[in-house]
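First subunit A sits with subunit B, and in the next complex the same chain sits with subunit C.
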Partner chain A sequence: MGRLFAVEIVYRGIFQKTLAKHISRAIVLAAHREGKPGISFGRYGDSPERNGIPAKAFAIVATDDITLEEGMAKYEPKEVDITINLDDTMCKGVESWAWYGLQPINRLLKANGTLIVTSREEPEKLIAMCHRKEAPYKLAIVKGIPSFSGLWVFKDDHTDVRVLGAVARVLPELFSIESLKQMILDDGENPLKATSAQRSYERLTTVTVKPNQGNPEKPYEFELLKWTEMRDGITIPAITPGHAMKDPVTGQTGGFQPERNATFKKFSTRTMRPVVNFDTCIKCTLCWLQCPDSCFDVTPEGLYDANMVSCCGCGVCEAVCPVPNCVTMVNEIGFSDNAGQWEMWRKDKEGYGTWLKDKIESHPVRSHGFRYRGQYEEQVPEALAAAEGD
Partner chain B sequence: MTPTAVAESTKGTEQTALITGSEAIAVACKLADVDVITGYPIRPYDTVIQYIAQLIADGEMDCEYIVAEGEHSQFEIVKHASTVGARVFCGSSGVGWMYAFECLTVTPALRVPMVVMVGNRALDDPGAFGVEHNDALAVRDLGWQLVWVDSAQEALDTALIAYRVAEDRRIFLPCAISCDGAFLTHSQAHVKIPPQDQVNQFLPRYDRGDLLLHPDNPISVAPQANEDWLMEIRRQTAAAMDRSMGVIREAYKDYEKIIGRSYGNPFFEEYMTDDADIVLVGMGTLSTPVKVAIRKMRQEGKKVGLVRVRWFRPFAAEELAKSLSRFKGIGVIDRDFSLGSPYASGVLTTEVRTALYPAAKHPPIIGFICGLGGREVTVPDVEKMSDITFAAAAGKAQPATQWIGVRE
Partner chain C sequence: MATIDYPLPKLEPFKGQKKIPLEEFFTSGHRTCQGCESALVMKMMAKAAGPRTIVLGSTGCMYVANTTYYSTSWVIPWMHTQLGSSGSAALGTAAGLKALMRKGKMKKEPINVIAFCGDGGGADMGLSAISATLTHPDYNLLILMYDNESYANTDIQLSGSTPYGANTTFSPPGKVKRILHHRWKKNMAGMLAAGHPECKYIATVDMSYGLQAMNCVRKALSIGGPTFIHSLDPCPKGWDYDPMISHDLGELAVTTGVWPLYEIENGLLKLYGKTKEIAEGRYKRLPVRDYLLRQGRFAHFKDEDFDYFQSKIDQMWEKWLYPGIIPFRAELDKE
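On to the complex of A and B.
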């Protein structure tokens, strides 16, 4: 039996779908130049056509055909040598739209495998976001903002080759940097892309994540029912009606909090979340009315609190809010939990004000999808800065 | 026979009426007090809809009668009506049935106990009106209960039994009653119509229970689900189909007890098989020329019998294998075709062969393709098929599949 390599690419639909496919294919093609057979595929149960939804692509390579079949005889790899995360907010976990629950970003990583993340953040921050793992692994950061380059038209920002350069560095047995560069040049691509791959290869630094270092949270999970336990007729019970909310300070009850799906949550399906200035809210109801995911809880005093179980970060609330700076979308990188904002505000209005200001000012990057024409061009300098001139 | 006569027949005593197989099914719908009926014209299915319309117009019957803009809508409407607790009826023929195919595929898994009539008709092209069984057989793998009848009387009785079986909470699967175009749908015979009170006693009201789509029972029906749920859903539908044979048996027993008419073995009829050397196997109205031919051949000393399959789904494989393995030869007459199938046989032949595989004794099986597009199955045709089967039984090599009654 030869050696089997597996790489997963975790990306956000739809903006990174083509990017993930490029990387996955390039891994197989680069390894093929060294005589290693391989396959590339996207996880079929995902919904990568949906805006921002986490999804996966895989590359499986082996030293020979028989060994490759060992890797192909599975729906998807059960363990990988490298996990590539193309949007650092998914370090909090991956919720595909298939029924997988919340998968820690490092779940499939073998002991001493490498998690490659495109990020502007420091390793400590990313490690704190990733769930704890019993075995040690490595974290490598390709400096950059989450790439949009996989939209319908491939907007080439060199993210693909920079990630591939990192792969050549952390797992040279898969393919060498020379094979990668030669593949890029032979394909008639911009020769600068070979340079980008080389620079990323040279500059990559990795840190070792120790056993049980990171986020101690136990990711929510659920058991799939047996056929004898399921309701028949493809019917599922409706989510029960909601209930009143309780003010944490006065004990006053009122408003309305809808009941929510016990197993299908949207914690990591968003890249941004709304933060609400309750002091300037005029209770116009528009955010509550327009939210496509019914994520707003109505508080006893008639304010609207975005519930992070349901929010997928679309930003409609911010767009419809008539009060300037009352609802602001903030990058998920700035949050370590999914706590309610209204409760925080009720308990300590001044502290909440400071928290709100800090969240808005510290994390201006908006990464959730393509929002307006010209946005990509605007972000090029920022991307270059993040990549330190690559 | 006028609709008024049907009204008189429901006042407590059994009445006799001269009606077609389609009209017999319409009368069954009236007796079953069906709530929602959809129609879209296609020959020969339209005969049942015309008669129901007349029953409603004459004040004999009360139901929602919706003329849809096509068969697809026709089946969608009754599917939804059934999920909110309505007893429903619809049906079609030939390519009309195929146009509804999307709705036909979703109905079993949604556990909708719709009862329909398929007025069997050849699939286009050419646009022939006559009977072929390929239309109804197209759904044979999907969880539909399929039954073939050979008389107007059997059509009426089977329609009432079909409601009882389909709407049983253990089953909740759709049921299609196949009636041969022309021979059954357009041919009038004397039919005994059971009194309403007996039907009421036999047929409980449809209770959708926990699957009822209603504000008091908030559920979602048919959410999108992938490979992590789908096999369990299929397994549930399979389990319902597995239970169907037992429930069919119960229903026929109760029908005999309450209505007073017995069909013996619900799954297949045996005619002159006790001492038969060979048997012919078939479905639907070809039983008439086969029976006539059998009587003629018996006078000539040829011991031929008939096994007429009623329920094709569920298929009584073990029982049928037990019965058929005792003969020296089996000729299966298919009023359908399955091009490129094993031995290029018809559908019924392939099923019979499969059923017999585990049996200890394997008589030779010859498949006959016959009577397509409504072509008459003649007595000489039947004699010919018998002779071929006798030859096979005597050990003479015969082609596995033979087309009978085709000009060559």
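On to the complex of A and C.
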């Protein structure tokens, strides 16, 4: 038998759909130049995609047809040589459409396989976010701003070719950098993209992650009702009504906290999260009312506390808030937990103020998608500069 | 004569933003997109209707994303119905409740019946069933159409509600032909109002104006008889924009005059909100460019396309018998 290569591309639904498709297609085409057959496909269970919800695409390549057929006789690969993670915040794990519970980002990686991440962060930061694995693996960072666009307008900031250059570097048996560059040129792309692929190939640094490194937590799982446990007519219980909240300091009760779907959390859908300055809040109700995910708990004193179990990071709360800097969307990379902010503020207002300032200032601002025409053209030079490490 | 022989709910309008009840009847944990305005419609609709409500949902985003794989975000009872059958499901459920109450198998009490559908399920496939339902005066129910202007669930195919020129899976702009979709959007609420003279309440809403929208739902549920509400929902996936500007786009749809807000209550037409201010000359419509330029689905538009879109909106405001509602002129008004 020949050799089978499997690459998975983990991406943000819709925002990076086109980008992921470019990459998986190019992997197969570049390998094909070296006589290796392959197939690129999106994971069926992730469709229909939703903005932000993690999704996957795969590229399967083999040294001969029979090996490829054998490799494709599975619903999806059970293990991969390379995992490409197109948005660093997904290092915390992914909860996709077709999966209940959290999957570690490195779950499918073979021993000594490589996790390629597009990120501006240092390796230590990303290693701490990824769940521990029994076997060692490698982490390679493609420096740059995670590339986000939408379904119709693509932001061509060279992320696709830079990731492909990294693949050529970590797994030259799959395709060489020369084959990749030739494929890019034959595809009618801007020749600068071949240069970007070469630059990324040359500059890539890789570190080995040992089994004792990373997030020691066990990823959460959910048990769903089996069909024998459902009620007549295949019905399932509704969510129960909510309850009042309790002040952690005074014990006063009031406000409202809704019950929530227990089997789907939004942790891994977020690239940003709102942080709230409770001292300047005027209790206008808008963030609470306009949140499509009902993520705000109403506290006994009538403040609004964004509950991180249900926040998907859309940013509507910041957009509707009439008070400057009261609700601020902050890069999700800066958080290692989902702790409640109001409770923190009630217990230590001064400490909370310091925490808030630090969270807002210490991490790069993110944006996620099309706001006006010409925006991507403005952003591409910045993205290319970040890729050069400036 | 119409006979509704069971009690109707008494749903007074919410008096202000701060008087809106805290309880949620459609809650968190659904798998909709970031910034999904249709999920907001579900939340506001359920909040306005209250706990004694049955919701029926035809296939679409608000079915697939909210009740995926035996999980749910609904606090009130919810049942799935087929794509084109929101009208029949609402009618059947209301008739069933009525029969059970008449036979003494259930306490006679007001129970709201709401069926929702998307623009594909409502304005395209379900039109005949909705129309038939609106002619039945004997049952109290509401059909709410959440219109995100495409078959968004299955990745943005063109629907009868997709606006002129928009990029969809079925209408990608090309080098030879820039505009592949040159049909004008269906005037659903106006069509139903004109075609169903006995229907007591039809309204258009926009969740960026949440309080007014919820009060429309409350009126629709308590007026007695079948009613219809059409909501325009910005869709970050299909319209291609940063989810953070969902709310702004909802406002722009109204302030540019693209989406007129009105209610028709027992035959009486009332414009409300910014639409009323525009009609009375107190607010100047913004150019439609402001709305279209912020959406990736119109990124291929050139000046002539913006001009055409603007001319159609101007025509709606200046030439229609009733701006935004009845798309013809009376002979007497001939210039």
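Methods note: the second predicted complex is superposed on the first by the 363 of 390 C-alpha atoms of A that agree within 3 Å, B and C clash if a C-alpha of one lies under 4 Å from a C-alpha of the other, contacts with A are read in each partner's own complex, and residues count from 1 in each chain.
Just so we're on the same page, contacts are C-beta pairs under 8 Å (C-beta built on N, C-alpha and C of every residue); 3 or more make two chains touch, one makes a residue touch a chain.
Predicted, not measured: the structure shown is a model, and the values here were computed from it.
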item: First (subunit B), second (subunit C), both or neither touched by A:Asn325; value: neither
item: Subunit A: partner with more touched residues, subunit B or subunit C; value: C
item: Subunit B versus subunit C as contact partner of A:Ser362, first or second or both or neither; value: neither
item: Subunit B versus subunit C as contact partner of A:Ile236, first or second or both or neither; value: both
item: Partner chain(s) touched by A:Thr208 [first = subunit B, second = subunit C, both, neither]; value: neither
item: First, second, both or neither for A:Thr354, with subunit B first and subunit C second; value: neither
item: Touched partner set for A:Leu225, first subunit B, second subunit C, both or neither; value: both
item: Which superposed partner A:Ser336 touches (first subunit B, second subunit C, both, neither); value: neither
item: Partner chain(s) touched by A:Thr280 [first = subunit B, second = subunit C, both, neither]; value: neither
item: Shared subunit A surface residues [contacts with subunit B and with subunit C]; value: 224-225, 230, 236, 238, 240
item: Footprint of subunit B on subunit A - complex, ascending; value: 45, 98-99, 224-227, 230-238, 240
item: Footprint of subunit A on subunit C - complex, ascending; value: 17-18, 20, 22-24, 26-37, 39-40, 43, 51, 64-65, 68-78, 153-156, 167, 207-208, 210, 236-238, 240-248, 293-297, 299
item: List of subunit A residues in touch with subunit C within their complex; value: 13-14, 47-53, 97, 100, 150-153, 224-225, 230, 236, 238-242, 255-256, 258-266, 269, 283-286, 289-295, 298, 307, 309-310, 312-316, 318-320, 329, 367-373
item: In the complex with subunit A, residue positions of subunit B that touch it; value: 109-111, 172, 210-211, 218-223, 225-229, 231-233, 235-236, 239-240
